[in-house]
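In the two complexes that follow, chain A is the common piece, with chain B as its partner first and chain C second.
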Partner chain A sequence: MIVADKKPVEEIIEYVKDCRKVLVLGCNECVTVCEAGGKKEAGMLASALRMYYANQGIEDAQVDERTLERQCDHEYLEEIRDIADQYDAIVSIACGVGVQFTAEKYHNTTVYPGVNTCFLGATEQRGLWTERCQACGQCILAYTGGICPVSRCAKRLFNGPCGGSSDGKCEINKELDCAWQLIIDRLKAIDRLDLYEKLFDIKDWSTDRAGGPRKVQREDVQI
Partner chain B sequence: MLRALEKGADGVCIIGCMEGECQFKTGNLRARKRVEQVQRLLNSIGLDGERAQMYNLSSSDAPLFARYAEEMDERIRGLGPNPMKKKKNAA
Partner chain C sequence: MSAKTPSKLEKIMAAGHLGVTSECGPPRGSDPEVIKEKAELLRGCVDAINVTDNQTSVVRTSSLATCIHLKMMGMEPVLQMVTRDRNRIALQSDILGAASFDIHNVLCLSGDHQSFGDHPQGQNVHDLDSMQLAWTVRKMRDEGRFLGGDEIKRPPQMFVGAAANPFADPFEIRVPRLAKKIEAGAEFIQTQCIYNIDKFEEWIRQARDRGLTEKCYIMAGVTPFKSAGMAKYMKNRVPGMDVPDEVVKRMSDTPKEKQAEEGLNICVETIQRLKELEGVSGFHIMAIEWEKKVPEIVERAGLLPRPEVE
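Entry: the complex of A and B
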């Protein structure tokens, strides 16, 4: 999932302090799971903003809250079609995709981000999310025991660990597992160390971010 | 918690089971985290975070409940009325 972290409320207040009608827009998907931008967080942020305005003596401020199933799909964003332009600002607490899609759809309303979008990751435990994928567009997990050297090796190495790997840890942080140590251990466990012998060609990074914004176009499902 | 404070409550006191004795295992620990979140949020918007408090006690411990209630009462009297209430009364 896309992992996001809450922005400090002070930063959000700075965005909307001069607005009088604000919609806090949550998203029911990834940001709900990582407890940054779901219905519960939308309620908390909206309540905090209402109390902020009241405490500042701004009596005509209105802060509403709404949570959509997703903010990255037209059909769900259409649900606020009739109300979006009633607001001075929308604070979207979806990921950066949701913020941008909302802004693209509702040109006349300012849309502010309420979270910092961080990475594609997994929930290791409650309150701990870690990166697993950089969406490089050319998945090689079949050859690396299901462990990604692009996202988990600091140097994105493709043919074994660097000299900084020590006791299974990475040189940039002694608490960080060396991705290549993990890969070797995993390949051993599944009896596929032969894959470690395979030399990777230079990776084609044209499917990564280097070529600018990417798109996936599927004619087999397009109507 | 925030809803109560927004409506003018001078303080909100959450009372959970003793730590390690919750029927819902970690429910009381999560509640404490929630209270801490609310305290930080209140401080961020210029209200006093101490208006939200978390206590733990056993359901059969009435004297301790009374002590916590008195402590909470003393705390919120010290803080004064919730500014939200002043605003509501003025309106």
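Entry: the complex of A and C
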């Protein structure tokens, strides 16, 4: 899923301090799972903003909250069609995709981000999410034991590990696993250490961010 | 192995002599005199001088510009290139730039992570990794082509090197990893500083068993300790460094005013022991900010005079 983290409320207040009517817009998908931008967090942020306005003596301020099934889908974003233009600003606490799609759809309404979108990751345990994928557009996991050096090696080495791997940990942080140690352990476990011996070709990064904004177009599923 | 490039370092090792290199870290400023002073200390006692590329991710004068200064002084540089700061376009461009000054040695590295340096908020590139960079230089040289496939007019003539750390984890893939670097195109290897000689000998033995020392010149890396404090720092704080307890103890048991001398003794003894080891083709002496001691180390280790080659 897309993992996001809450922005400090002070930063959000700085965006909306001159607004009088604000909609906090949550999303029921990834940001709900990572507890940064779901219904619960929309309520908490809306309360914090109401408290701010009250403390400032701004009595005519109105903060509403709403959580959509998804903000990355026309269908669900249409649900606020009738009310969007009533607000001075929408604070979207979806990922960066949701913030942008909301802004694109409601062209004349100011939309602010309420979270920092961090990475594609997994829930390791409650309150701990870690990165697994950088969406490079050309998956190589078949050759690396199912562990991704692009997202998990600090130098994204294709022929690692570097000389800084020590006791299975990365040189930049003793708490961070060395991705190449994990890859080698996995290749050993599945009896495919032969894959380690193969020199990895230079990567075509044109399917990554480097190639410009990307799209996936599937004529077979288009209506 | 016979020499394939005009590199003096390659010719010396191809002739069966032990090669000797040292290194020169460029200054954090633009004064060329700093470079020249350091390099003069090494004149006549080494075959080539490595020039580091923003080592420890701290901004310094560029490796290429410094190599040109050395070249103009009549000395032979080894251009260190890290893949951290430049993409494949910039790397190939700088290889051509170096070749235009007839710089004949390159050492391909990934580079320390930028979080160690003075610009930890910077982006890192790693478009290629160190092995892929070695492969790139070989393609440019041997096929006369860029990575993109176009022809190079006057291709670079570079002796291609890479680093190896026999002591990093996991140890079991250290030799397979060396094999990969050689397959990628590395013709010489400069190793991490050696203090754990037993472990290094085991690594060389495994490399010999795979025939790797017949395909590549292994230059053993050594760094003299200036003090017991430095030995402890290297043991505990430098990632991938293996300093055995007895070496630290030897330094600590030496009176403070004699520690620098003892550090040099350890360095010289290491070279003398490894000189006899089959598969070692030379030495890379990294006297960090202590270049003035390199002539003494080389002399005491019996590596002078340096051979002349055509």
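Everything below uses one rule, namely that the second predicted complex is superposed on the first by the 223 of 223 C-alpha atoms of A that agree within 3 Å, B and C clash if a C-alpha of one lies under 4 Å from a C-alpha of the other, contacts with A are read in each partner's own complex, and residues count from 1 in each chain.
As a working rule, a contact is a pair of C-beta atoms (placed from the backbone, for glycine too) under 8 Å apart; a residue touches a chain by one contact, two chains touch by 3 or more.
None of these values were measured; they are calculated from a predicted model.
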item: Superposition on chain A - do chain B and chain C clash or fit; value: fit
item: Which of chain B and chain C A:55 touches, first, second, both or neither; value: first
item: Touching partner for A:75 - first (chain B), second (chain C), both, neither; value: neither
item: Chain B versus chain C as contact partner of A:220, first or second or both or neither; value: neither
item: Most chain A residues touched (candidates chain B, chain C); value: C
item: Which of chain B and chain C A:18 touches, first, second, both or neither; value: neither
item: Touched partner set for A:191, first chain B, second chain C, both or neither; value: neither
item: Angle at chain A between chain B and chain C, C-alpha centres, nearest 10 degrees; value: 120
item: Partner chain in contact with A:8 - chain B first, chain C second, else both or neither; value: first
item: Least C-alpha distance (whole Å) that remains between chain C and chain B when both complexes are overlaid; value: 28
item: Chain A residues within the chain B interface of the complex; value: 8-10, 13, 43-44, 47-52, 54-57, 59
item: Footprint of chain C on chain A - complex, ascending; value: 154-168, 171-172, 178, 181, 184, 196-197, 199-202, 205
item: Chain A-facing residues of chain C, complex; value: 83-84, 88, 110-113, 115-116, 124, 126-132, 135-136, 147, 163-165, 168-170, 172-173, 176-177, 179-180, 183-184, 192, 239-240
item: Contact footprint of chain A on chain B as seen in their complex; value: 2-3, 5-6, 37-38, 41-42, 44-47, 83-84, 87, 91
